[in-house]
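Chains: A, B, C and D, in written order; residue numbering restarts at 1 for each.
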């Protein structure tokens, strides 16, 4: 079993409720807790690169993610990411031709909310990253779409397949 | 996008708490609710074949599952199943060489319990069933193991890879 | 059994996550759902007066709440309220000497978050409103404090007893 | 603020799911976790007397509970209890005239299940135990009924008021 590198960048996935301020914020990632809940036996190494809303992600942040994907000895990489700019980061990674299987996933509702899609998405993304050929994919809504064929529909919140 | 057939057989996945009797029982399957929670956009047809604990599954029940897998026009089939005898049903399906991709999954903790692995497993199983080549697999603990190489460890509750 | 009037004004209690905007907002109140979950057999009439964060509550809003408390035929009234200005509304109601038992409660974490105190608070508030003598109280943190002896500690988020 | 003694005896409240055996069992009580969730600031001392289904509670068990209520220096006592025989223990405590306020509560659905009434009941019971006069009460379904006027309806699962 090969090790999967999990790069955490934040996103809705990891938003917490700040009970004093009454707003959402980032603390630590929930990915380790989610892996325990899923009783995962995969060899996964988790690195938190940043904890940001993808709307606040800068080009420098994206370059940082790219650099980690490139430098990482693992051939299979999962990136947790805010959904609003997931396709932008996917495009950068895809155009860089890293010769690895990279899957981006996230959540529409914070993991800590009862109605979160996060655990479902993480399970799917971990499965896809193990078996898909080299390339960059967005895993949302139960499927994996190639980086050059995916767009988030802002009205429905669903990731759609588009012409490359 | 091809349609995925989901065959529901019960298992811990779908156990509910009977508040009057104070025990666990089966009512309806939670799979449709789980797909909504996961915001799945997959074309899935759900058929409930039975709602049983896999310890109570008979040879006739297993023959029934096999027959449905054979007759089903879909090439990709997901079977939700109790974990205790998942490997037995997987073996029957695997030895039958149906020329389809069949993935069995389930849960160690009922979906309705806060600590359930069900949503994670369903996400992973749906991903695996879309991309794995023809064959029969058990998808638990974040990975998919071929039907002839899988065994549930009764002490740890984890599915292990064994020699075929 | 006398009818309890429940006046809904919003507050953290009822905040939902808007998955498209990625922010918290108000939709419908969760109070009826919470009463079902608590298997309440109380006779309760729920009226939604407004759905606002108490930081956004105006003097006119508070006058509206007061008027409803005064006009209501029920002697026992529960008001769900944002925690940040709960003491302000409690003071207005308390100084008005309505000759009724009025209990204000709310939540530090939205009901839909797994870690919400909302259900606990609602159970406590409903108990207090049934048995406390006429007066106005804030029910938070497991106890009921009179309107003229309560203050929210902004640093801890706890409601403290102060000198009247 | 006077200290409340909480006597834990088990019941549905505290049932956990044993993922290896596939059945419900008792481990530790969830009461401390529930008090944290409810952000309780009450002074409460928790003693676990037993962890049993009330159907399995013996006369010796009930005598044990009575003895603890009698010997306890606190005047206000909360007893968590299985619902099936809650009225039996309440009767024993009530007939003993201890000159204290004793409230029994429990849950129809285990706390760890998403649909549990436990947190609501605990909030209500803690409120009742602080303000009701000396006597023994069952706090379920949002209200407190005196020990000699309460019966669980086996068909509906609700606690009803009966003639003393």
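By definition in this document, a residue touches a chain if its C-beta (ideal position, glycine included) is under 8 Å from a C-beta of that chain, and two chains touch if they have at least 3 such contacts.
The structure presented is a predicted model; accordingly, all values stated were derived computationally and were not measured.
> Identify the chains adjacent to both subunit C and subunit D in the sense defined at the top.
Touching subunit C as well as subunit D, we find no chain at all.
> Of all the other chains, whose mean CA position lies farthest from subunit A?
It is D.
> At the place where copies subunit A and subunit B touch, is the share of residue numbers found on both sides over half (same) or under half (different)?
Result for this pair: same.
> Would you kindly give the rotation angle relating subunit A to subunit C, two copies of one sequence, based on a CA superposition and rounded to a multiple of 5 degrees?
180
> For subunit B and subunit D, what's the span in angstrom between their mean Cα positions?
39
> Using Cα averages as centroids, what's the distance between subunit A and subunit D in whole Å?
The separation of the two C-alpha centroids amounts to 45 Å.
> Averaging over Cα atoms per chain, report the distance between subunit A and subunit B in Å.
A distance of 26 Å separates the two centres.
> Among the residues of subunit C, pick out those that touch two or more other chains and give their numbers.
108, 114-115, 157, in rising order.
> Can the chain contact pattern be summarised as a line, a ring, a star, a complete graph, or none of these (other)?
Its topology is that of a ring.
> Chain pairs that touch, all of them, please.
A-B, A-C, B-D, C-D
> In their complex, what parts of subunit D are in touch with subunit B?
12, 17, 19-20, 22-24, 53, 55, 84, 108-110, 112-115, 154-155, 157
> Could you please specify the touching residues of subunit C with respect to subunit D in the complex?
Checking each residue of subunit C against subunit D gives 1, 34-35, 37-42, 108, 115-117, 119-128, 130-132, 139-144, 157-159.
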